[in-house]
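Quick notes on the structure that follows.
Just so it is clear, A, B, C and D label the chains in written order, and each chain counts residues from 1 on its own.
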Amino acid sequence: MSEGWTADEMMTVAAARQLRDGTACFVGIGLPSTAANLARATHAPNLVLVYESGCLGAKPDRLPLSIGDGVLADTADAVVSVPEVFNYWLQPGRIGIGFLGAAQLDRYGNINTTVIGKNYRDPTVRLPGAGGAPEIAASCGEVIVVVRQNLRTFTDRVDFVTSAGYGSGPGHRERLGLHGRGPRVVITDLGVLEPDPDTCELTLTCLHPGVTVDRVRAATGWELAVAERLTRSPQPTEQELTVLRALESTKEGVLH
Amino acid sequence: MSEGWTADEMMTVAAARQLRDGTACFVGIGLPSTAANLARATHAPNLVLVYESGCLGAKPDRLPLSIGDGVLADTADAVVSVPEVFNYWLQPGRIGIGFLGAAQLDRYGNINTTVIGKNYRDPTVRLPGAGGAPEIAASCGEVIVVVRQNLRTFTDRVDFVTSAGYGSGPGHRERLGLHGRGPRVVITDLGVLEPDPDTCELTLTCLHPGVTVDRVRAATGWELAVAERLTRSPQPTEQELTVLRALESTKEGVLH
Amino acid sequence: MAKLVSLAQGVADLLRDGDVVALEGFTHLIPFAAGQEIIRQRRKDLTLVRMTPDVIYDQLIGAGCARRLIFSWGGNPGVGSLHRFRDAVQNSWPVPLELEEHSHAGMANRYVAGASGLPFAVLRGYTGTDLPRHTTNIRTIACPFTGEVLTAVPALRPDVTVVHAQRADRAGNVQMWGITGVQKEAVLAARQSLVTVEEIVDHLEPVPGQVVLPSWAVTAVAEVPGGAHPSYAHGYSVRDNDFYLAWDTISRDRDTFQGWLEQHVLKVETPA
Amino acid sequence: MAKLVSLAQGVADLLRDGDVVALEGFTHLIPFAAGQEIIRQRRKDLTLVRMTPDVIYDQLIGAGCARRLIFSWGGNPGVGSLHRFRDAVQNSWPVPLELEEHSHAGMANRYVAGASGLPFAVLRGYTGTDLPRHTTNIRTIACPFTGEVLTAVPALRPDVTVVHAQRADRAGNVQMWGITGVQKEAVLAARQSLVTVEEIVDHLEPVPGQVVLPSWAVTAVAEVPGGAHPSYAHGYSVRDNDFYLAWDTISRDRDTFQGWLEQHVLKVETPA
């Protein structure tokens, strides 16, 4: 086994493990892209990576800095226009998994990447905004959220709903007519949360090695639900770490 | 000058002369295609031929039998999908001229290519139908109709409106919200008809050489309006006939 | 991922009597071989969908496979009428044929809506024509911003779409080029799809103007060299214009047509 | 037919203060040189439209050219925030910036509607989000066939769209390939368009994945080698990721930004 690993590495490995081979996966840049490429290089060689720049089935041999890097177009099965990737590929539900990050996340998996602060017109912090996320959250078969867990991020109520999770609880997605099933799992640097089948509330179901429930509670801005049967993530394997670190070393233009 | 020419040749030459250089022209197969290619080979070298198969700026060196012949794709500036040619190129009014034929035509330039007979469900003759014509008639800057003139074709009332001309008269196109100006000219094997600026009724404005007004009246299924100043088409020039016949000789798969 | 199959197996697996079936290809890349396999397998009561039901549907209609036709232009391009189509409409021979008629722009947008997972499409279309009188599938819709009234048509969602393409690789990724018409939309609009190809290759060399359908968007791929004849496959064959002209004679008369059908379609053995 | 012009002439001819201007290019082929020429010509009160107002609009916003921004994602891709954009939104520096905010799917469809000559587009979008609360440009529409409620967004019709492409020929036909994003739609949606290209050539050799904009659909073409830097032109250059990273430092501080602007944009001489 490995000598050691960081919490971010554990998070990336745990996210990669969620990806079943052969699935089409809508990938944003950053952690989702790293995790998806890790999965493709390990247990899921036929994972289909779809980037919103229009690259279907990209097979990058290094980690792109942006979703529009040339390596994605060069290695894709098809490069289509941006309207087409949203209209013909995402919207009809052809993409099994959507991978999203979050600046804020609430107990129902609703995501904010727009503004911090209660006043949209006069925000405390202006974030990048929606991008492809609202429709990824709506139309992918299911959503995986990858996000570091802390009180700033895991908040009782998001300041702005950029992408709908389970809205205000059970039945909400159905009432909205959303076709995708919503967030199936939230992977953090501390553990894994899954929506309760009855309440839709994110529930801690798995701890990463060395993490305690108390530590997760302390990083959660609401009264955290904890599963009766709490599992523990297997440590990253040597292979996972080797591949992940090799991938990270190929990342272009990383802030040093 | 030439030894002689047929009425169809005169019709094609007259149609070609209507095409201003540099215009984008939506071309159907048959006479419109021949006329457009004749124009391109004579006075309008920069005529842009658009075929509904998605070929923009096709420059065929022979006459295609169908609108999807390989020579159109091979010589086009761009080949786009069929939805794109209708949505991005025809619908917004980018095409200056639409070239249409007709099985029936009425005094307001309304066209029928759908059924002969008053009962749509039980027609006397079932014709091919609409194809691209309804939207060509609606959205091109203006329409040129090329059709042989006889009592079967030039009918008081078309059995079915496949493509709108001036509807029931002045103001009709505007009430329908059609963006194109409608039929500017009808070229037949006998002469040329143009809509009266006030009544929108097709009016004989020009006779081909050797044709009398009485002959045109006799070939028209309504009381034909005749312009006060009636002109006469210049005979086909030697160059026009030479180029036209050379083009015709390249036509693939003609019925011999 | 697309399954590699024989033509006979692909048609047998995917098509059921009564299905809504689209065989697309705009003059180019028309899946004639697949159409004739459908005839051989005696499928019936099909709703046939196609922008240009040209010779390929004349064959299916004359063979009695179709109950209904959704289309925008039914002729023999550059030649004239479709005699089997006419005989079915005018004389219900060999069986009655119900029509739902559109314009090209309408049909293209119906496929686009189907491919996009939307229930309808909006266009400037059909205005001032008699087409909307004969179907409830052409309606109006008002722009929620300007109030302008436009036309709406419902999405097409065939049970099966069949197209022909130049090449596929062994994983089932499909590549076509030249005039690609509405094929991508027709495949993506369908529940299932069958693609016949000129050849299956190890690697799809990129080609200018190509449209690639990823394997995971296609149900089955069958290698059928010449499967578009008398239509053509750009880079592989040219359009057999003589056949289109000959079709006028073959199809004009019921007996001549049936003789042709017997000899050139029904008696042909296809590899299972 | 498109006119061949210098960059300075193209911007001077086409852009007016107060115009609605889209500079498009999805990570790839971003028309940075044209953006900087707009800054040099001191255009102001622009409504800037762009799916991803990344570093190029951070420069225009920081230089005070924009009054309003219509967008769907404003960040420095793979790096972090846009500091000039943030400073404008949070502190109205150097001038206040009004926002109209959408999702990518919404913006893409707004361009599609514009390119299609339709007043609006229909999509499954924005549902369950707070975006519709902050603009009247996101509405609902019912399907006239099924009654299902979907989302409508109005067409985008910029006064001018500017894009960068690899090549044009002397007639002004434009060719681009690689990731071509929403450029075709953005050009076709606009009243006028300016395309900067890596080079002008005698003949456009076809390239796999190419998008060709015919000369008659483009207003002006300017040869600007390297005109996408620090973005890239597939086949000509690679993305200067180091510049994107450096931008984080350059743009974080108003004075550093103004120094950069002075030295690298305002003082640069361009051929008229």
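Quick note on the criterion: a contact is a pair of C-beta atoms (placed from the backbone, for glycine too) under 8 Å apart; a residue touches a chain by one contact, two chains touch by 3 or more.
As the structure is a computational prediction, the values presented were derived from the model and not from experiment.
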Fewest touching-chain hops separating chain A from chain B: 2
Neighbouring chains common to chain B and chain C, by label: D
Centroid distance [mean C-alpha coordinates] between chain C and chain A, Å: 40
Euclidean distance of C-alpha centroids - chain A vs chain D, Å: 28
Contacts with two or more other chains, residues of chain B listed in rising order: 87, 91, 139, 179
Residue list for chain C, restricted to those that touch at least two other chains: 117-118, 123-124, 148, 184-185, 209, 211
Touching pairs among all chains present in the structure: A-C, A-D, B-C, B-D, C-D
Residues of chain B touching chain C in the complex: 29-30, 52-55, 64-70, 72-73, 79, 81-83, 86-87, 90-91, 114, 120-135, 138-139, 160-164, 167, 172-173, 176-179, 252-253, 255
Contacting residues of chain A [partner chain C, same complex]: 22, 24, 46, 48, 56-57, 77-78, 87-88, 91-94, 139, 179
Sites on chain D touched by chain C in the complex: 117-124, 137, 139-141, 143-146, 148, 150, 152, 154, 206-210
Complex contact set, residues of chain C against chain A: 1, 115-118, 173, 184-185, 188, 211-217
Interfacial residue positions of chain C with respect to chain B in the complex: 26-28, 51-52, 71-75, 77-79, 81-82, 85-86, 89-90, 101-105, 108-109, 111-112, 123-131, 133-134, 148-149, 178-182, 184-185, 209, 211, 232, 234, 238-239, 241-242, 244-245, 248
